[in-house]
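Down below is the structure, laid out as structure tokens.
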Amino acid sequence: MSALAAALRKDLLLQWRTRAQVVAIFVFGASALLLFSFAIGPHAAALRQHAAGFLWLALLLSSTLALAESFQSEMEHRALEGLLLLPADARALYYGKAIANALQLTLLGVALVPVMVVLYDAGTARLPALLGIIVLGSAGLSAPGTLYAAMTAQARARQTLLPLLLFPLVVPVLLAAVKATSLLILGDPMGQIRSWAVLLVSFNAIYWSLCGLLFERVVED
Amino acid sequence: MRDYSTRPYALGGLGIALLLWGSTWGLLFAPREAYMGDVQRIMYVHVPTAWNAMLALTFAFACALFFLLRGGWEWDARLEAAIEVGVVLSTLLCMQGAIWAKPTWGVWWDWDPRLTTMAVLLFAFGGILALRQFVDDPVKRAVWSAVAVVIAYVDVPIVYFSVKWWNSLHQMQSSPETVSRAFHWPLRINAFGVLLLVAGLIDLRTRLAALRREGELAAPPVVAERATPAPIGAAGGTP
Amino acid sequence: MTGVGVIHGGWEFVVAAYTVTAVILLGYALSVHWRYRAERARRRREAGREERAR
Amino acid sequence: MHLTPRRGTGRTSAVTGLAVEAEGLGRRYGRRWALRDVSLAIPVGSVVMLAGRNGSGKSTLLRVLATAIRADLGTARVALHDVRTERREVRKRVALLAHHSHHYEALTPRENLAIAASFLGREGDRPRLLALLGRVGLADRADDPVSTLSAGMRKRLALARVLLQDAAVLFLDEPYGELDPPGFHLLDRVIGELRAGGATVIVATHLLERGRALCDRALVLEEGRLVWSGPAAEVPEDAAAGGPTS
């Protein structure tokens, strides 16, 4: 457990020290939200109808930047190899990085909500539920995303490869998160949000364990 | 290196023969379906493609597991073949699905959970094919694509259920398989036809992958070439 | 529930489905065959070159 | 400051007396064999120079022995543990000073060492970290981001990180590269102290003069093969023709 604590402390320190990048990624996400509204046009009803979808699309696009960035510093001077040779347990390194990425994506998601409320007039009173969905969605993107970021950071054409591998995989996260968020915004008469939350939780359960198992094979030579 | 490999061509040939037989039976002799009319005949080729596309991707999953757990280059070659054939079949399946949906529902894509899942798989495994292009080290390429196949395959049931729930509001699920007994024979013949053809394709594509691997990796050094003096221990031959 | 009642005609869709199937399956089979022969020829040339080099 | 006693196999407990033994090691990169059939045996406590031209496989050999990369052929045991099946055990007893300095650019030298210490399970060694940084001449830059450090200073940080691991077997890959003359003397002192502490040190270098003075044995690699081994004083001049100004 202490290795996980050490890894998490390392990743949070790294993220804090490179926080300018996180702000830049937030601006990218916010500008994506703006562009989506131009694509639809100034019809308040339509914008409000699709607000949840735009929020999660913006977060998905920003996540690839954040995930790729998170492994840039690991590969720069083979810092990750340095840790593995100490030795540091690969699983601890994975969970440290994945948790830090999930926190960062949650932060991004929370920061994008006010932008959504303003641009699309799409708010919700059930803020705790919204936060819960954002946390589950961010974790769902971060688990496989961190593993694929570690993989593509060592390959050519990494900017295209990460989204190419990640997006088809996280279709269930996108579907569930968008549905749950729109139920919060547009109302949930039949109380369906529970089933979407269950789907998000099961996706996370599967991929947080599976990717932890496979991470060592990806980073060891 | 086997000079001439007959097995894949034999399998492929037999498969094509079965396909021709099943298709002519389905197109010309099978009775017209009460409601669907002749459009239903697309089933005789769509359903076998669906079964075999899933089979090919399941075989890829098995190859990935064998490679990760037991190792061996032959599993990597089979993995490459199974992924490529799986992607080709999934592409074909989505095209057939669209051609089937237009007369039936008036739109090219009706978000049927099974077909949509195959479309997601098409992009997932297509991405893995791209991954294999962009990694130069053969060992890394083999391990990473095996890992990616395991991750993508485990996602199949989740994608299916999420699309099913997501889509269940629109309309009752149209199940193309509601096929009465009289229509079974052409379907079953075509299913075996595609199966044999796919087996032949995977077999041949595996040999191609194995050949490429051979070309990529240098053979082990010949011990006889060792330059003298023989590298004795640094401490002058102590144990 | 089968949509618009009995569907008349629709043969053009059936023909389209079967041609697409034939084109893709046979096209892919041919591409694998050609790539395989090309690779084998390349391997044979390389083996020859290594032979001469030794 | 004398190094604390070795972790892992001390020089007395080793049964076979060999810190590093390898048999038929091979490693290929695509069509080229970087290491071909290398076999060697290095007794505990010896300081060995690994010489050879660029591309002779020096770095590859060190990285295989340090378990940074896999061997495609052959077997090797370092500090009595197999590099293929007991990587974790090997890594507890081995340290590698590589070309890449294994640190985080955005963090400071003190933070980089603290991270390494936390994984080594030695959290409370803050004063020791500062002393270590002082020893390699980075005391005044302890809190500047590593991105602002020169190449020589990064090499010193990497050296501090290697010393932090307190290893029984050390692989130093071109340690003199990028160092200035004071850095040379620092490294000579460090190697001397490691020898005195009973560690086994393998130094890959082109500086034959320095190697003859410092090391007791030498191995020469050529095109991935071990072509000479014997006392360091007699290493043939052409074996590793020249190199940067010694």
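Observations on the model:
Lettered A, B, C and D in written order, each chain numbered from 1.
By definition in this document, a contact is a pair of C-beta atoms (placed from the backbone, for glycine too) under 8 Å apart; a residue touches a chain by one contact, two chains touch by 3 or more.
Being a predicted model, the structure only gives us computed values, none of them experimental.
Counted by C-beta pairs in contact, the busier of B-C and A-D is B-C.
Distance from the chain B centre to the chain C centre is 13 Å, each centre being the mean of its Cα atoms. We define each chain's centre as the mean of its Cα atoms; on that basis chain A and chain D are separated by 39 Å.
For this pair, chain B with chain D, the centres built from the Cα atoms lie 47 Å apart. Residue positions 221 of chain A are each in touch with at least two other chains. Multi-chain contact residues, meaning those touching two or more other chains, occur in chain B at positions 136, 139.
Shown for chain C are the residues in touch with two or more other chains, of which there are none. Under the touch rule stated earlier, the contacting chain pairs are A-B, A-D, B-C, B-D. Within the complex formed with chain A, the residues of chain B that make contact are 68, 120-121, 123-124, 127-128, 130-131, 134-136, 139-140, 143-144, 147-148, 150-152, 154-155, 158-159, 161-163, 165-166. Chain contact summary for the complex, chain C toward chain B: residues 1-11, 13-14, 16-18, 20-21, 24-25, 28-29, 32-33, 35-36, 39-40, 42-43, 46.
By the touch criterion given at the top, residues 16-18, 21, 26, 28-33, 36-43, 46, 48, 70, 73, 217-219, 222, 225-230 of chain D touch chain B in their complex. Within the complex formed with chain D, the chain B residues making contact are 136-139, 216-218, 220-221, 223, 225-227, 229, 231-236, 238-239.
Contacts from chain A toward chain B in the complex involve residues 144, 147-148, 151-152, 154-157, 160-161, 164-165, 167-169, 171-172, 175-176, 179, 195-196, 199, 202-203, 206-207, 210-211, 214, 217-218, 221.
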